[in-house]
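When the chains are written out, they are named A, B and C in that same order, and each has its own residue count from 1.
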Amino acid sequence: MTRRIVQGLIAGVLLLGITLPVAAQRSPTIAVAANLNFALTEIAEQFGRDSGGHVELVFGASGTLTRQIQDGAPFELFLAADEEFPNQLSRAGLTRDAGVVYAVGRLVLFAPKGSPLAVDERLEGLGRLVKSGGVSRFAIANPEVAPYGRAAEAVLRKRGLWDALQTRLVLGDTIAQAAQFATTGNAVGGLIAHSLVLGAGFSDRGTYALIPTADHPPLRQRMVLLKRAGPVAARFYAYLQSPPARAALKKHGFVVPE
Amino acid sequence: MWVRDVPERRLSVTLHQPGPIPLDVEFACDAGDVLAIFGPSGGGKTTILRSIAGLYRPAHAAVRSGADTWADTDAGTFAPPHRRAVGFVFQEYALFPHLTAAGNVMTALGHRPQHERRDRADALLNLVHLTERSGRRPHELSGGERQRVALARALAREPSVLLLDEPFAAVDRTVRRRLQDEIDQLRRTLDIPLILVTHDFEDVVRLATHVLLLERGTSVAAGALNTLMSRPDLSWLREAVGLGAVFDASVARRWPDRGLIELAFEGGMLLAADRDLAMGTTVRVRIPAREVILATREPEGVSLHNVLSGTVSAIHADPAFDHVIVQVAVGRVLLLAEVTRDAIGRLGLAAGMRVHALIKSVSIDLLAVQPPR
Amino acid sequence: MDWTALRVSLWLGAGTIAILLPFGMWFGRLLAFRQFRGKLLVEALVTVPLVLPPTVLGFYFLVTFGARSPLGQAFQALVGESLPFTFEGLLFASAIANVPFVVQPIQRGFEAISADIRDAAACCGLTPWQRFLRIEVPLAWPSILTAAILTFAHTLGEFGVVLMVGGNLPGQTRTLSVAIYDRMQAFDDRSAGVMAATLLVIAVATLMATTALSRRVGPRRA
């Protein structure tokens, strides 16, 4: 009796294994920098309504996504948070062309409700808090893989706070994770993407100040079509440069080049 | 060695190996023989059984059963156990825990067509008196019952030889007696040799027709039971069991009011303590050497009942012991007597002398009993 | 609740078992019954995935089979896609990561069968294959089942390897564990919470099943 159960189980499992799902959807997969979480979700939905095309979005840090593309990940379009990562791919011959800058991002200093941090665009409040030793943790994205993290480092260095904050930094492996840390009370605050603050409705969860673009290398965000891109991805690429998409991007705090 | 005129079922075994388990034995058995392999624990007895079954491969082995060659390492042949018609009863029985008694027996019936198996299994379990328990799993059976299942399973194979590894080691005294009798009865109906490994000499004395004494893998003595038992020079046998002649006798007469029974043997008559036995019943008799007194003159007015005349055939003085073993031929049977050195000197005992062996009736052990034919 | 991700997780678990159980039964039995030189090393190698961080496994997998490696390029030329970033690649990596979960319990299960019983089976006239099917497997089956359940549960919980080797592709390599991470980054805590609770329930159910099974092993050893 028990022998039959075993045989049945093994047969069942083997049968399951044989009928593996062969790459389920054939919708193109788009690699998107994490700061575009809300903006792109909205645009993709719009794209679906407007043209009937369906795309799958995968969010991550630009550096991580670049690495994956180099290792063979089947993305068809890559929306990075900077220009250097897509250029790396172009130079390696993995893209159709050099792509276009589709948006310019902004950095904000965010402090959740109840935090001792007073936000201002010159980071003076942060400076005071550092001096008084009141900073438990401060969140930024990992500068190695996230362009917004690199920008945050530049800002902190400019204000002379980089060294002082070294032991207090929590690094998110994407800007979204950094935003997580900054907004959930795990840190006194952080330097995160303007688009994320707007998208998640954080304006009522704390205070924030826009960091002047002069304080960091510009967050010019470039997108590229990969060599394997199909027609739907190409259409989406075009759509992202069209008025409805540009309006959505502006709504999410991006500056859109003319 | 011992040769009979029925060579078709003969099992012949030759095993040689210097190490890691030293082996050096050579013997043959015919149908109806019960060969007891006896020796101290760890001496290689089980290895011999395993070699016969094909579970162990010594450096040099030649095992033949009738016309089949089971092993011939010189020729490169070594049949695995499932290709040898061997029945093996393991020391701890090794019953399959997930099967019932009947299931266990049926596992060995693969050589029979499917529709016959259930009936054959039932018949075998009936043979070992285990019919009502056939639906039980091993953990629900007693030690004695498990042994019977193991026996039935071994016989199910229709083997050419039955191997038993310390069959009575795991059961207590009373169960042991019963099992010994049953196996004794069983083997008379089987037409195959039985090889039994044991470190308990009682088993040997009760069941064996032939004995092979094993010490560290080497055969130190082999032969028919009586011949072997009456060898005076096996000092470790003395240590292990106590020396004494073992031979068969038959009931000649009973004197219940005197409390005595008269036994005829190949050397005369013996009087032993009375037992309720029919005339003509064959009994196996053992007379411990310690209980035998020697006299150079026929004594008068003694209380004991047996005064047998015979000739000293051998004297064995082992320097490790104070006593000397004297072998006395009484008719065709050899008796042993344990005597002090002093007495040897005093009586001037020597081989060839005529002596009288004095034995008390109560000193005679009656071991196995077979009803008259 | 991301049903697609749940489906991917379940397929991954089932697929890993389908690949590893036959292997485990063969190899676990071999380790249980045979002695050979270097056995200690082999047993240690089997255990390695247990103690290595999943990122190490992921790293070596990418280095060996990624599009920048010769093996990876050959694979791509043959099949048309890369091995990482596909469900099949994930399955392969998962199988390697789960070897100890399959081999060790099965090995213990076979080890628990006394040599006498196997010898007795041989003396009953059973061929090696018959011995395996009729005596050894029925006696070892609780541990075989345990191996399957443990592997399934462990696969459901895999994260590091999945992320590194799979790339979080929806419908293909986005398992439930990765989906939780994904939802959190999108600030969708409610979804993440539902999925986390699901995985927790599965984990507890698994532990209960394996505990009940290990008790079963007792009374049979009569």
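Rule of thumb we're sticking to: contacts are C-beta pairs under 8 Å (C-beta built on N, C-alpha and C of every residue); 3 or more make two chains touch, one makes a residue touch a chain.
Quick caveat, the model's predicted, so the values are computed rather than measured.
Peer 1: Does A-C or B-C have the larger number of C-beta pairs in contact?
Peer 2: The comparison resolves to A-C.
Peer 1: Pick the chain whose C-alpha centre of mass, unweighted, sits closest to the average of all protein C-alpha coordinates shown.
Peer 2: The chain sitting closest to the overall C-alpha centre is C.
Peer 1: For chain A and chain B, let me know how many angstrom lie between their CA-based centres, rounded off.
Peer 2: About 88 Å separates the centre of chain A from that of chain B.
Peer 1: How many angstrom lie between the centres of chain A and chain C, each centre taken as the mean Cα position?
Peer 2: Centre separation, chain A to chain C: 33 Å.
Peer 1: Could you give the separation in Å between the centres of chain B and chain C, each centre being the mean of its C-alpha atoms?
Peer 2: 55
Peer 1: Could you check chain C for residues that touch two or more other chains and list them?
Peer 2: In chain C, the residues touching two or more other chains are 138.
Peer 1: Which residues does chain B have that touch at least 2 chains other than itself?
Peer 2: 98
Peer 1: Do you know which chain A residues sit against two or more other chains?
Peer 2: 2
Peer 1: Touching chain C in the complex: which residues of chain A?
Peer 2: 2-3, 6, 9-10, 13-14, 16-18, 20-21, 23-25, 29, 34, 37-38, 41, 56, 58-60, 68, 70-74, 174, 176-177, 179-180, 183, 200
Peer 1: Please output the residues of chain C touching chain A within their complex, sorted ascending.
Peer 2: Of all residues in chain C, those touching chain A are 4, 7-8, 11, 14-15, 17-19, 21, 62, 66-68, 72, 76, 81-88, 91, 137-138, 141, 144-145, 148, 167-172, 182, 184-187.
Peer 1: Show which residues of chain B lie in contact with chain C when the two form their complex.
Peer 2: So the residues of chain B touching chain C come out as 50, 53-55, 80-82, 86-88, 90-92, 94-98, 107-108, 110-111, 137-140, 153-154, 156-157.
Peer 1: Using the touch definition up top, name the residues of chain C that touch chain B in the complex.
Peer 2: Against chain B, chain C makes touches at 114, 116-117, 119-128, 130, 134-135, 138-139, 219-222.
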